[in-house]
Structure formats: C-alpha cells, structure tokens
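Order of writing sets the chain letters: A, B, C, D and E. Residues in each chain are counted from 1.
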Amino acid sequence: MARLAGRRSLFAAPVLLAVTFGMFAIAAASPFDPVRAYAGTAALGADRQTLDRLRTNLGVDRPFAERWWDWLTSALTGDLGQSSVMRQPVADVIGERLLWSTLLCTVAFAAAVLVGTLLGVLAARRQGGWFDRTVTSLAYTLSAAPVFWTALLAIWLFALRLDLLPAGGLTDTASEHVTPGQVASHLVLPAGVLAVSQLPWFTLYVRQGVADALAEDPVRGARARGLSEHTVLLGHALRSGLLPVLTLIGSRLPELITGALLVESVFSWPGIAAATVEAATAVDFPLLAALTALATVAVLAGNLLADLLYGLFDPRVKLSEM
Amino acid sequence: MTVLSVRGLSVRFLMPGGRRVAAVTDAHFDVAAGECLALIGESGCGKSVLVSALLGLLPANAQAAGEARLGDLDLLAADERTLARTVRGRRIGLIPQSPAAHLTPVRTIRSQLQEAVAQLTGVRGRAALRSAAEEAAARAAFPADHLDRHPHELSGGLAQRAATALALVGEAPLLLADEPTTGLDRDLVDHTVDELRRHVDTAGRALLVITHDLAAAERVADRVAVMYAGRIVELTDAEAFFGTPGPRHPYSRGLLQALPDRAFTPIPGMPPELGDLPDGCAFATRCDRAADTCATQPPMTATVACHHPYVPEDSHA
Amino acid sequence: MAETAVGPKWRSYGTRRRSTRTLRVRASVTLVLVTVLAVLLVPPLVQLDQQAVDLAAKLQPPSWAHPFGTDDVGRDLLLRCVYGLRVSLLVGVTAALTATVIGTAVGAAAGALGGWADRAVMRLVDTFSSVPHLLLGIFIVAMFRPGVWPVVVSVGLTHWLSTARIVRAEVLSLRSRPYIDAALSGGASRLRIAVRHLLPAVLPQAALAAVLMVPHAMWHESALSFLGLGLPSHLASLGNLIQNARGSLLAGQWWPTLYPGLFLIVPTLAIAGLAGAWRERINPRRRSELML
Amino acid sequence: MLELRAVTAGYDQRAPVVRDFSLTVEPGEAVGLLGPSGCGKSTLARVAALLHRPDSGTLLLDGEPVRHWRHRAPREQRTAFGVVFQQPRLAADPRLRLAHLIAEPLHATGRRSEVPDRVTELAATVGLTPDLLTRRPHEVSDGQLQRACLARALVLRPRWLICDEMTAMLDASTGAALVAAVETYRSTTGAGLLAVGHDRTLLNRWCGRTVHWEALQPPRAPEASQGPSVR
Amino acid sequence: SAPGDGSGGGGSADSVVIGVASEPDTLSPLLGYGKDGNSKIFDGLLARDADLKLRPALAKALPEVGDDGLTYTYTLRDGVEFSDGEPLTAADVVFTYETVLDERTNNTSRSELDAVKEVRADGADKVVFTLKYPYAPFAGRTVLPIVPEHVAGDQDPNTGSFNTEPIGTGPYVLAAWSKGEKLTFKANPRYWGGAPKVKTVTMAVVEDDDVRATRLRSGDLDGAILPPNLAAAHKNNSGEKSRGVRTYEARSYDFRTVTLPTGNEVTGDRAIRRALDAAVDREAMAAKILDGAGRPAYGPLPVDDPWFAKGIERPQDLDRAKAILDRAGWRAAADGVRTKNGLRAAFTLFYPSGDKVRQDHALAYASDARKAGIDVTAESATWEVIEPRMKDDAVLAGGGSTGDPDFGLYTLLHSSLAGNGFNNMGHYDNPAVDKALDTGRRSQDETTRRTAYDTLQRELVKDPGSTFLTHIDHVYVLADRWQGLTTQLEPHEHGFASGPWWNIEDWRPAQ
C-alpha cells in the first residue's frame, strides 16, 4: 500500500509536468486572446495601439514553451507568478479561494456518495418496484438536468418559495463577518445542487452493482445464514458491488470540478473553480497552470485513493499489480 | 416429534419456450427430532433444489407446490419476511453445496463468522464475538490462522469447513447439510460428521444431510432417502440400507455397487432429462428388472417406490 | 408425465414482474422508435422554417396553431423541439458511443494486459482526467468553427475516462477468477480472454455509462454553446432551447422550458429502459428468472 | 514426461504452500496424489498445469524445462493439459451455455469445425443430456457442471490430464462413470493422469500409483501448519 | 438564518445590498476603474450630476480653459483628505494622470487621454493640463478618479496591492472584498461632502440574470439590474415579499447596431444599406425584444439626448426598401433573394455568443431583411472569431458613451480609425462625417459643435454605415426605502457605477 502510494507520488511529477505543459500548449493554440481578456469590456472600445501596448506589457507574445519554462522554474522556487485576469499574485488568488472550493466540493461529494449509495441500495432491494422506478427515473432525469438549471430551481424553491435557505454567497449579503453558522447555512444549497448533479452516477452504479450481487450465490448464502435484510444488502450485496462505486470516487472528481465551476458562479460562491474558466478563456498562463496543477493533484490523489480502496475492498484486486 | 414434515413437495423450473424442468416431484418425508436423514441420489436428481425450496431460496422462475411443515409453519406458504427473520439460520441452518461460491468473496471468513454470530446469537462485544467466532470455527475444524483470509484464498476443504462453521452458529433445530464433506480428507470427514451427529444428539435437533459419501452417510444417518429423477424412490433405515438386507430399489443397489470399494461400475445408461420425464418409472430405461408395468408410476410403499423391488431374500442373489 | 390427479397448487415466484417488464420494454421501444422517426421524418416532411422570427407572435402559450407555444422571438416551439432533438440526439448518442467505446476498450485492455501496460495506460488516463472536462472541451471546440462535430469530438474525447477506470477495476477483479484459469488452460489468448470472458462481464457497467453519457453530452453541448463555443446559440438544440428559456420561466412562461425538457428526458428514459432490458438479457441469472 | 523438481510454490514468498516438491508422471501413467485438506494439492495441480508460477524449482515437460506460465506459456504447452478444477461453480464462466463451455477451447484454438461432433460425443461420454447443454451454469446442478468441466478438459485431447477432486461432488455411480470415461480416454490416447484427491480407496482403485503428500514433501515447520487445529 | 432578516431585506435605510452582474477586475483607477466617474471610493477633479452636466468635485470649480483650449487649470478643494487621513495634494493628481499615461501601465483607456501633453502641479492646490491639440470635451475626461501617491506611488500599478486595497477620497471605503461573492463598502466619515446617510453598501456579484432576479425576489438583495422581462415579472410578483420595490428604467446611450462593412460587396452597397435601414422594424424590436424597455435608435445618439438631431426618426417602410433596391438594380430571384449582376444580396451577421439580446436582434434583423429580399445569415461566435472578420462581415455591435458626443462618435465613425482595434469596425468612410467629427472635437463653440453633430446625424441617415436598431433602457429594481432617487442617462457599461445608486452618498431615508 505504502509502496503503491510512493510509486504513484513519483509518477505524479511527470504527470504534472505533462499536464501543465499540455495546458500551456493547448491554451496557446486556442484562439483566445489574453489581451482582450485582460482589458475586459474596455477592449471593445480600445484602439490598436492600446492593445499592442498591452500585448507587450503582458509579455504574451513570447512562445508558450518559454513561458512554461519560466513559470516552472519560478514555481519551483515558490513563486507562482502573477495572475493577469485577477490582477493578483496567483498564490493569493488560490489562498483566498481554495478553502471555500474545497469545502464545497468535499461536502457535496460526501453527500453525493452517501445519499447516492443509500438510494442505490434501496432501489436495488426491489428491482422494478415503485421505489426503484422512481429513483432510477429521477436519477436519469437529474443526470439530464444541467447544473445551472437545478441550481436555479433550487434557489427558486428553497430561497423564494419556502424561504428556508439563503440563495447565494458565503454569508448573508449584508453581514461582514464569516461565521461558521452562516457558512453552513449558505453551503446547503450549492453543495446540495452539486451533490445532486453527481448523485445519479452513484445511485445508478450502486443500484446496478447491488442488484447484480443480489442475484449471485454469495447473497444466497448470506440469506440462508439468516442474516437480516439490512446486513445482506449493506454487508454483502453492496460490498460485492462496490468496485465501480469506488472507481467513481476517483474518476468523478474531474466532473465534480466541472460542476463546481458552474455552481460557484451561480451561487456567487467565492471559490476557485469559477476562476478556472476565466483563467482558461483569458489564457492566463500562471493561474491556469496553478489551477490545473491543483486539479491534477486532486485527481491523482482521488485515483490513488480509489486504487487503494480497491485493494481494501476487493481482495481479488492485487495492489502489487497496479 | 417431527421437526420437518414434507408432503407432496414438487418444484418446477419454467424455462423459455414454455418448457418445464421437474426438479423435484411429489416428495414425502419426515425428519424427527434427534434424527438424521441422509438424502442420496444421482447428481442432478434434485436434492439441492429440494433444500432450496425448504428455505424459500428458489429463483424467480421456479414454482413450488405441496407442503413443508416446520412446527406449525408451512415453509412453502410463508412469506419472504417470515423466512428471513425467523426461519433461516435460526430454525433451519444450511450448509450449501459449493461453499466457496456461497461465501461473500470480498470479506474475510472471520468477519462473516462474527457477523453471523452477532446476528444469530445474543453474543455482544468485540472480544466476546471474536472468541465466539473462533469457537465456531474450531467446531468445524477450521484452522484459526486462516480466519483472516478471504474465500478465494481458501482451499476447497477449508471453504467447506468455513461453511459448516457458519451453519452451526445459529444452533438451528433443523440443519440442512448439502454435501458437507466434499473436499475433506478422511479424518476431517469423520470429524465433521461426528460434529453434526453431536449437534443432532444434544438438543433433539434434526439433520437432513445430502451426501455422495456413503461412508459418511453410514456413519451419521438414522434413515436414508434415495432420490432418482426428482422422486424419492426409497426411504428406509440406514442400518438396513447399508448393512443387511441392503437397499430394495434397483437404483439404490446400483448406486452402492458403484462405490470404489465395491464393483466401481457405473449404472449403465444416461440419467433422464428432467424436462422430459417418462410417464412411468424414470429408472426403467436403465433398470435390468424393468418390465411392462414400469410404464406406470410405481406407488410408494412403506419404504420403496418400485414395481419390482428387491425383497430381502433377493439380497444375496 | 401425469400431474397428480388433484393438480398441485403451484406457488410461483416472479411472474408479475415479468408482465410489467414486458410493458416497460414495449413502451421504451415505442418511444425510441417514435423519437427516431420524428427526428428523421419531420424535417424533410414539414417544410417550415424553424428559424422564422415573428416578433408579433412572441411567447404565445400552446394553442392549435402552435401546439407547444412559441418562444421569445415568436418561433414555433414544436418545430424547434424536433429540430433540437435531432441535433441533440446526434451529439448525445455519437459522443456517448465514442466515449463508451474508447473507455471500454482502453479499460479492458489495461486491465487484461496488466503490469506495465496497465500502469502506462492508467497514468495516461490520470493525465487526461486532470484537466477539467469543460476546459478541455472548451479548448478542443475553440480550435474549430462552431458546429456539431467539434462538440461530439470534445465530449467524446473527454468522457471516456471514467468508463475506462470503471471497466478496468472490474477487469482487475475478474481476471484472477478460476474460470479465467480454465480459459487459459483451454488455450485462449489474452485477446480472447478479454473479449470473450472479461468484456461480457463489464458490459453492463459500460452500458450504464453510455446511457448516462447521452443526456450528459447533450447538456455539455449546451454549456459549450453558452460559452460561445458549441453550436450557434440560436440554432435549435435541446440544450440551447432550455438555456434560452430560463428567463421566460421566471417570468411565468413555462412552455419554453417544459417541452424541450420533456424532449430531453423522455428519450433518455426510453434509452435507459432499453438498456435496462438489455442488461437483464445479458445477465445470465436474470435472464433465466425472466424466462427470456 | 511431466516432471516436477523441487517445486516451491504458494501465494506468499515468505510462507510457501508447496515446498520442495518433486513428482514425475510418465505418459500413459495414472498417478494419484493423496493429501490432507489444505495441504497444497490444488496449488500443485495449478503449477503443473502452467497456471501458477512456482517460486522456485523446475517443471519439465517432456524433458524441456518450462519457462513461461499463464498467458505467456505457449499455447501448445497450455493446451497439452486438460484440467478439471476442484470447484466447478467457480471454474465455469457464468455466461456460457454448457455446450459453449465445452466447446470454448476449440473456439479458442481455432478448431471451430470440430465443435458439433466433439460436443455431442463428449456430452454422451460424461453423461450430459442434450437439454442440459443449452443451459447456463447456474441452471444445472454442481455435479452436472462438473461433468461439463470434464468434457471441457477433454475436448482438446490433452496429453496430460489433471483432475483436482473430480469426483468429490459426484455420486458413486456418476463418479464411476466419469472415472471410466477418463480411463477410456487415457487408454486410447496414452495420456498421463494426475488425479488429486483424498479418497484413498478411490485413488487406489483408479490410479496405477498413489503417492502421499507427506511422502513427497519434507514435514512442515509447526508454525506453517496448514492442517486443522482439531484433529 | 433565513434570508429575510439578516440581510438588507428587512429594510433599514442605512444599508443596501445591490446585485450586480460582474465584478471589477481591479479597484485601481490607474488600471481603469471608475474612469467615467461614480466610483464611490474615489473622486475625480470633476463629477457629473443627474443630467450629466459637469460639476466640481475635488476641484473647487470647473477648470479655467486658456490658450485656445490648450490648457486646463484646476484648483483643488481645500481640506480634502484620503480615507487614511492624508490630505489630497496636486501631486496626487499629477501622479494619477502620469501613471495612467505611462506606457508601462496596463490601462486600456489610456487613449481617452490622448490629447494630454503634460500635467503639472502649480503649487499645492493647482493642477495644469497642457494639451497637444484643442480638445473641446476634455473637461469631461477629468472625472478620472484620483489616487493617493503616498500609497500607490511605491507599487507597480499593474500588480500592486492597491488593485485590491484601494484608498481614495470618495464617500465610501472598501470594507471587504470577497472575490466572486461580494464587495462591501462603508461610509467614509472623512468624506468632504459630508458622511453619507447610507452607511453600508454591499455589491453582491451574481453573474446570472435569472439567479439575480430570484435572489432579489427572495429578499436577499435590495436592488439589482435586471433584464426587462424579469423586471416586469418582478413587478407583478413583488407583493409576495410585502415590501415596496420600485423599478427604474434608465435611458441610455447603449445602442445596438448592425455594422455594414464597406469591404463587403453587398453591405458596401449604399442601396443595400439604405434598404436595410428602411426595412427594419425598430419599434417592434424595442417593444418585443426589449419588452418596451428601450427605444428605436435612429442613429448613435438616443432620442432623449440633447445632441439628438430632431426629425431623423423614420418608421419601417418595406415598400421604400424595395423601391430603393429595385432602383439600384437588385432584382428579386426565384428564392426571394435579390441579385445584381450575379451577386446575391446575402451576407453573414455575427453576434457574440451568449448575448441573448443581441441574438434576438440579429434574428429579428435577418427576418426583416429577408422581407426586403436580402438574405442575412445570423451566426454566433466569440469575439476572437469575430474580430478578424469584422471588416468583411456584419456584426451585431453595441456601444455608447456618455458625456459628450465626441466620446462615442469619434471612435465609432472616424475613417482614420477604420479597423483600428474595435474602433470603426465596419471601416466606415464618409468625408462629411469625418469633417463634422473633427469640427466637434476641436471647436470650443457650442453652436458650431451642435451644427456639426447635427450634420453628422443626417449624413448617417443618407449613408448608413450601420443599421442602428435600438437604444436599450437599463432596468433596475430597488427597494423603496429612500426618497428622490434618480437615474442618469447611462453609457454602454452599467451596473456597478450607474443605476439609481449612482449618487448613493446623497440618498435620504424615506419617512
């Protein structure tokens, strides 16, 4: 286990290099214009000289490989560079926002995994029953629902109709201090929406895994032993059908980040994901590189976790072979 | 006192295209408290299906008919809830055939044992569970140092012992053992069989054991039931069956003759297709005593269902 | 053989489920057929301009003239839904199939080969999945002119990763089963083991991924379109229609949202229904329980 | 000739299951291997069939040392062995009908044309009725499945047969029938047989030579004891 | 906590929460923040009142103009302090302007100060601007916010912390900025104009229109800018929160137009241009696309503008359009699209993707054009795609600047700026218009300028280089807790500095 983790960490370095380099390359090849992005709406009234001057000042006409190398060398010394869209050092951008994104994603993901699993198990219990059919239809529907839609509906329902939860922001808009209580109540909707957007995958995979396992001999054995339905479902069927779910834990992370991208902007959540799209379309290399590096680390860690969990939950998968 | 009383139990499997497989047909037998009934018969004759039917574990394309009384409960009519909550494990224990396939592959034997102990007995607390599980393992001669293994890391015999241990946990009044001795060497077979016998003897429990190991059957059984093509064709005392005068049904005789320590010759012919059984005696095509009367179904007399059973005098013929 | 004179009373286990299942499968098949027919036949048969703006007929509720009502520049919603479904299905189904085929192939290959090849492939997968899909999508699409194929490519090329991982995990667990030993001993090559023994076992997982991917790809398309990178935002695609209708919903007009939403969800459910039925068919136990 | 020389094998380098084991099977010879449960017989059988790489020791196949195992073993070597596994439930792909299960090795080795004949012939040999051939593993009894597995092992006409507790789950008559089938096969083809089991009577009756596990392997150190704790 | 109580929704008059669509990139005027005034944290030398008239702010009075309009002299107000307590001096003003003009400063609107040759302090309280050429509307540029040299002077203006921690002389100070969520402003007790009555102003960043509308309805926000249809819906529904809200429709210079590039054979043809101008139904667009919150645009200047040339209003006239085309030799072909010498009257109209209003304008335009026999294909794209094609393909553009006609019109129409960045996108080239623009820019005389811009507008009707479609009203919804709120005539950019809160420091609670 430790060996696998160690080997993976070694692998992380080349992957990070490849990903950031790739990011620089793709961004450079994309038609996005960093100068236009920097100038924002003002660019639409700007004349050629101004744009040219900005181009020189921002140093965006240098070859991307060179800029990547510069970024890399200074990043290794701890200087992540200056974000041009945010007009701030990248380290500050990340420092200010990372916590909130992490909070949002963690809560949402945990909720998605737990609730998704629970629903999946309950649905699998009586395949074809009304509960199963409701849950699966709902799951497919939700998987078809764009995140911004669910977000809007959630605001409409919980903030407007029921007046239960605040509609956005990290704290009450008029409040000046960040208190845990406020953050908690403001977290419910965005995290809920993000969770709901991830839920269908977990629910449906768990349902499928559990339903298949329920038909197999081991469950028959467990039933024959007189174990309670509860234990049979959770301790045997779910445990046997857990592999895809564990995989999802690792491989849904990118989707989660993509979802966070949208949720954060809809709910004015001051997180880092919303900055990602901006960084991308603005070809803000330093910020983009730092964000992708972050995402890469998250994804690598997630996948490593998933792989480790395989070994833990399915002894037939040999960690030494991965 | 009868623990289990089976009357007219039949099981059919519905197959695509309207075909039916008559896995068990019209089985009648009782198992009394403190008694061990051995069920033997050719492979594929319906023994395991019979056991599954008793536990309500048949697949969805099966149909069952008849009656199987466990005390005042009709096992065939009982709903899944009753079976799951009060019958399985608690009133009827099962040692399944192919035990390795019936263990949850992703969990260690210890955790499965402890779980069973926790659910079926009053034992609570980590340490108590642990020792109870180890004790249960020991009863089935499952080595303690293998408790932390997963099913796929066990040899066939070890898996068999694990399954036996699991089935003994619930101290159920009726134990159904489907081939409890496969994969075990002679010493272990004896150990297991003795353990089962002790289990029966202690509290007036009953045992229905299915086995191909006739030596083991001889050692443990009070009575023997022989099944052929889904029907019980002979039901008699073990002593009479294994000793003198010996079995009366021609099939039973053939079976005994096939033992390696006897003639070691198989009964000629193919086993019948359960989807397409003849109207009369299913064994007739393979029977050297068959006659025209065999085209009708022989009724079950006191111990045997055959138109031309061996009578005791014949036994030395 | 003769049943006993007094016919025994059979207690059956799962027949009721079977009949409702038939009903569901039929409904799914019908819906999928209707969808396909509508998508193929309506545009050539109904020679109406789905782009025709009629400001005077803005946001009219459903009526005989416009069964689904009109949108906020007075275009007929029924017509636009059908056109939208056409585009979205093309995008959704092709992208989902691309993603699933790549994912399954890569995952099965990695898992079946194991060792060095597996590690290399999985690190590649890690690398790919490190970049948020939307970003990768944005860049891929941005390199081409707006249109259907860039979207398909971008969605297809970014969404095979989780399928690959799921399939590989399953394969890793399957490949030490005794029946693989038996196949080896029967002379099967790696490829044959992968294709004949491992792949069938992971197909349900792959199918589920594919079904989930269809609507996901459809909305991914609209997210890209929204950023100006997918289809032109006035072109009818279900994603665009729903996207455009948001404001109207808050202003109290439900029809521009409801109908495209139904057009998105109903085919998805139908496809899911078919996939579910197929899954039951390839699962040996379910199959015999349902007497298929 | 199939020769195991000082084979050490297991699942953990530190605690091998089979240690320093040597055994020779001549072509046409039937060797019974008798040993207590859990001692490592099945492991050894898998080593002999090239399905499990031993930690040390050599396996000589017709005098040639075997270098590769599992996937890497050349197909001719792998298919020289017909293996009947101890647990038929686990050794059968749950998705294949029995007919296909039996024919699978023919398909895998590209001998498709022989399929119908071989399957019918073998089904009769092992006593499988035609309707069973259309069923999938979970629709037949364990014994019926084991018969199909024997048919599968025979289908490529292997030079070596390895039967791991083949008759353990068969009734006496069926067991005797299968043993007879194997013996017929052996006598017509001159194949060698390694039959693993713990039924002394059966092995003595079946095999020309019966060897005891303890006799072939030095006694174990106490801490590595694999036997039951209760004897 | 329920959103109703903690937030501004409860209705105390000394705090307000406003939802805006975007967040400023920077709060440093050196990079362009608040360049048109109303920046709240800062003041310029001058400011604009409700009618957009210039009035003194940090300067004591309007500037003295000398040397034929080449020097502007401002005298600073006494006793003005920055919010950190330091006094304002002429050096701060000079520093501000010099930094903005510095080539190395990444200020995008530097060209607006193109006319400035030199800025110098004349004593502690006088600042003198010397211009390169007479520039009549120059005073309007000096609403540029002034930053303190003692704070910003030591920093790199592009990256320094002043960008996020600004200090100014304005009525408010920045209390907190949670990026992506909100900015909180507190009343500046040192404000030279007297401490504002509204003590806390929160600008909540809510990108999405629909979300903003919902949050406004839920009482989370006191005010917000909304698209007209959502504002209308809000008005109908506002009863549910049992509190008064008012809707403000601010007239604006914000026009939507279709550029008709000279380089394109079809759109370059004056007959086509005039036919299109006659064929479009501006009334319908204003009524339906803008839900009434806007008016037809007959030229770049809105009808409400004092500089608007009276009498150029013209209704849709399809017959005239057809007649013009017929006369010019564009003949209707079988598919209904006219051709001339084998050239189809067809062109592509780009609109920036994601902009619903422009999309609808583009579709309606295409639809109207089609009726006159001109085939316009609407296509969406990002600005990156549009930019290189602006000289050949039509673009649904928008724009409009307040203050002086020169600000918006010169860059929009002058032929010398054709294709220069986003200036004069369609390469419009009309000597009469150029001449009018130059006159308007140079002359100090009010009547001369008025005549020049009048001529220009009529010239644009004769040779429409682009089809002006609508001027958009900016619609705001705001809780009704203050009295006497007004809106200015607004420029193209809006939301943060414009809106009923343009003079929030002057708000007084309603009784």
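Please note the rule applied: contacts are C-beta pairs under 8 Å (C-beta built on N, C-alpha and C of every residue); 3 or more make two chains touch, one makes a residue touch a chain.
Bear in mind the structure is a predicted one, so any value in this text is a computation, not a measurement.
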item	value
Any chain in contact with chain C as well as chain E	A
Chain located farthest away, centre of chain E as origin (C-alpha)	B
Centre-of-Cα separation between chain E and chain A, whole angstrom	38
Chain centre separation (chain D, chain E; CA means) in Å	86
Geometric centre distance via CA averages, chain D-chain C, whole Å	45
Between chain E and chain B, distance of the C-alpha-averaged centres to the nearest whole Å	89
Set of chain A residues in contact with two or more other chains	31-32, 148, 152, 156, 217, 314, 316
Where chain D touches two or more other chains at once, by residue number	87, 89-90, 139
Chain C, residues touching no fewer than two other chains	17, 142, 176-177, 227, 246, 250, 285, 288-289
Interchain contacts, given as pairs of chains that touch	A-B, A-C, A-E, B-C, B-D, C-D, C-E
Chain C-facing residues of chain E, complex	209-210, 213-214, 227, 229-230, 232-233, 236, 281, 284-285, 287-289, 352-354, 356, 359-360, 362-364, 366-367, 378-382, 384-385
Contact footprint of chain D on chain C as seen in their complex	177-179, 181-190, 192, 196-197, 200-201, 282, 284-285, 287-288
Partner chain C, residues of chain B touching it in the complex	8, 10, 12, 14-16, 22, 25-26, 58-66, 76-77, 152, 277-279, 297
Contact set on chain A toward chain E in their complex	31-33, 36, 38-51, 53-54, 57-58, 82, 85-89, 93, 96-97, 148, 151-152, 155-156, 159-160, 163-170, 172-176, 181-182, 185, 264-271, 274-275
Residues of chain A touching chain B in the complex	217-229, 231, 235-236, 239-240, 242, 313-316
